[in-house]
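Structure in structure tokens, see below.
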């Protein structure tokens, strides 16, 4: 999946998928709102371009792009975001914490930064040559538990690629005021090869990730890749209503000048793009129709999936359980 | 307190104080057992030699040396270790978690590594020129919460000196198998000036700490000092009974060749030493007599000091509270 | 009289205390832009040395607050999501809350942990909608859960002035609750003292947090059938056992509605203490979340996992019959 | 018959499961030298790939275990001190225990958290002697607290084989308890199923953990006065409510002895559920630690903070009188 057109298609697909999702948020179909990755698509696409179906991804709360790039069925992902039983997690994961074992995408924990050690634990079980990629943001590197994960991954020389999507902010907090020292310095402190790479050009991302993935496959242990990138839509769709003044329009515009979709589009002939774009629109119509048309969970199933076996939890009132 | 004789006296005092304490452990007077710092005395003494009464120390579970070096009353410290009401904490702190505000020694938390951020919080309240020193071990650097403390201290440029006593082991775990990368690298990752220093020669320790303390006093922010040192008696006095094979006698003997007491003794004339030693023995007789002779807490006071005010906790049986 | 919302009451209480006492300061995430709105305008009003923007470092800044508190400050630590209080559970319950005893009373830790967002967040996922107040009560940490703007104001003030750690839970569902208040009468509300919202003779309904408002609605609805007393302890720990006993002396019948998980929750503690020590003429009942409820996965399921007015009305009817 | 100690039973159960199932592995601090003795000899027996030495990184290795478990392994995570379970409270209760639901049942987290050192450590300080099992029950995490070597063996085996996270509390005070066993009869004990240690007709004493042995002693001591049934639920969550109901059908009188803190503890949950749903002819009683007890400061004080046989005998007598 390293052909320029394929890369373009996936970026374009994620972009349009989330634009449609934002419409569904506004329409009230996605109750949680979403954390759009629009502007960051090249990172997930460029990294996952180096992965096989066998490799494992542990995503973050900003994960739609990772899921689609790893090969999840878009209709089932959208259904999940809409809280429908047809979703990848039967409507129990939602937009923030998706998992889809069919595509080897494991549970994205809501506890920012804690995926790093979970990823190490998954990597501990990997067959030789199999790789785990853990995506997280710049805010996650200030969570001690993430650094504990780095220590374990390095000590055990585990096949993990840590991908930090540095989009400049943790919610409203600028990375410079949150991170003393540097992000890559945190990797190096644990003996992990670490580098900072442009996250807007998918082919640059892909090349940097290729080396890290190869190191992991060859038993060379973990790598930390910090990709500089940017989210156009803010932290969460609530920013569509509540305008927060933590960044300037000017800053947003400057980043849009290095839009990952435009950068890759320039490498694909116009007619090819037109065809790709048209097919994506057609597919997304079906994706949205499937999601919105799917049934919502039945309240009587509220206690399902809590436990594998054993007695069910007692209900909140005596008598009826 | 930087005169060679004073330095010798304090090291000698701590050495003999803990040797007497070990006797009290064997005699059953110190119910918890202790974590002897014998072999590491030069670190606490050399660091605290740079502190004023106004400066603050946050110690660790291996803290007797820090307390005496900071100027706590040895009789009250020994009484505390014996669980007597005359102790610095009225017998509620014990050997592991002492605090003594008279000497500006704050509570040593039992949660290894968590003192780093507590120290940052104390430093946030410091008057200009006042300094906080936080002692911890090599095991503490693998606790994420400690690194969160480093980040906060560096971001806020707080007057903290972080002193890592690298004695080679966390209980039975060799530092090399616990710490990927390096200890100083963890400080540098957060933009904290960090260095590794010989912890056996008190004058070398004192010089290294002098610079770090000055930086803190002058508003230059935190420093991390890693002192290489060694504990002769093992992690805790339970090792006197349970011989653990995590280290060789040969290793212990090699470290004893660079004994901090011998190194400093060589700088003090024999006659002066004889006088100092004699006085210490006499004082310690009184210290032990005071501690052992002091009353134990009264069980009816078991719920005292839990809360500053408000209703007392309900007893474990209804009726009698 | 002006209408004061619960959220505005928190904003006012914290601001008033910061005006009154220079040792009070607030720290947390997204402080600068006051994401929860509790600290709206505080950065300009009090400056960056008293409104501390913190990185995504909850354990670190909770310990930081402990240190500052031991040294004489009165930090108010804001947590935007209830599970963050689980993440710092050891730092609050095993460290901050024990240091006073461990020091033999030499020092205290006057820190306040403010969660102005407790409870259900529709579809945010099962990790974001807990009500962990019973956990802090079990560990002996002073814990309050006010239901009204006046009580929110008064208990936040008292929490900040208290010399021990206090956890303040403000339910999301109450943030919009508004009340007519005469600002002049706003003042501290003591910890551990409950409040009878509505006197009654036949049955005592103990309700906490946002469920107080549901209990009052149910009491109205049942007015024709029975005289329902609605008791709001306001504090989870210490609990106003004397207030509860006084109410049960009168009614002898007890129903509790509590948004925490059933097993080892506040509702259970109230039933247990009443059964052991107080006057009961009929078996008591509680309406709670299920055991270990995982709320937040999806709106339809979430509603089925939280106590309802129908469940309360039904429980009251049953207790009155037995 | 050979005598088996509780500690040896844990060692044997873990060893047997590691022999039986190659996916079972153990991780924790001081594994190499088996400081707690549970894993004595395991490094040589199973090798470093199944006996993982971990740094002082509890949250990290708890999350690590979650990852390995999601990927099909059965990690057993050892914690040497009970407060370490508070330190990883969020990782177990809000992450490992919720991932199955959040994944719509796609994956499970068959991790076991083994604390072979729960409860009082004389003079180690107030941070090292907690009994936090009620907290995990509140959060809906399967939690067991066996009292005897046979039950310790059987419940550790079941915990490891269970497909969900299970916290195993082994009280320090039981480690030395010895029992005559026929090794051939050792086998799994199901979660959520209690055990009547001593049948009786007049009063049901529910005891957990090391207090089961005290309850049996008190039952003997009171033999002349009353016929005491001693019921040990063995699991804290899920709880054997049917077993308790059956006992109360017979006796109608209830006393609980529980080493956890009073407020919102297991003892309270048992009283509450019994009062709400079961047959009681007299007010029930519980003997517990005080509210938010801080145990461990000094031996004299600690003894005063833990349930005693005298308190139990007195409570039983009162319940029989009322």
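Here the chain labels run A, B, C and D in written order, and each chain numbers its own residues starting at 1.
By our rule, a contact is a pair of C-beta atoms (placed from the backbone, for glycine too) under 8 Å apart; a residue touches a chain by one contact, two chains touch by 3 or more.
Quantities reported herein were computed from a predicted structural model and do not represent experimental measurements.
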Query - Co-neighbours of chain D and chain A - touch as defined - result: B, C
Report summary line: At the largest C-alpha centroid distance from chain C we find chain B
Query raised in the report: Cα centroid separation between chain A and chain B, in whole Å?
Result: 45
Report summary line: For the pair chain C and chain D, the C-alpha centroid-to-centroid distance in angstrom is 30
Query raised in the report: When the centre of a chain is set as the mean of its C-alpha atoms, what distance in Å lies between chain B and chain D?
Result: 35
**Report entry** Interchain centroid distance [CA atoms averaged], chain B/chain C, Å
**Finding:** 39
Report task. Would you pick out the residues of chain C that each touch at least 2 other chains? Result -> 55, 57, 59-60, 83, 87, 90, 94-95, 101-102, 125-127, 140, 238, 263, 276-277, 285-286, 291-294, 297
Query raised in the report: Could you say which residues in chain A touch two or more other chains, in rising order?
Result: 91-93, 97, 109-111, 142-145, 148, 151, 155, 177-179, 306, 313-314, 318
Requested in this report: Between the chains shown, work out who touches whom and classify the graph as line, ring, star, complete or other.
Outcome: complete
Requested in this report: Note which residues of chain A are touching chain D in the complex, please.
Outcome: 56, 58, 87-93, 97, 99-101, 106-107, 109-111, 114, 116-126, 144-145, 148-149, 151-152, 155, 304-311, 313-314, 318
**Report entry** Residue numbers on chain C that touch chain A, as the complex places them
**Finding:** 29-30, 32-33, 35, 53, 55-57, 59-60, 83, 87, 121-128, 262-263, 285-294, 297-307, 311, 314-315
Report summary line: So, in the complex, the side of chain A touching chain C is made of residues 30-32, 83, 91-97, 109-113, 139-140, 142-144, 170-173, 177-179, 244-246, 296-303, 306, 313-318
Query raised in the report: In the complex formed with chain A, which residues of chain D make contact?
Result: 54-55, 57, 59-73, 75, 90-91, 94-95, 99-108, 140, 142, 162-164, 191-192, 238, 241, 276-277
Requested in this report: Under the touch definition given earlier, write down the residues of chain B that touch chain A in their complex.
Outcome: 142-148, 150-151, 154-155, 177-182, 185-186, 188-192
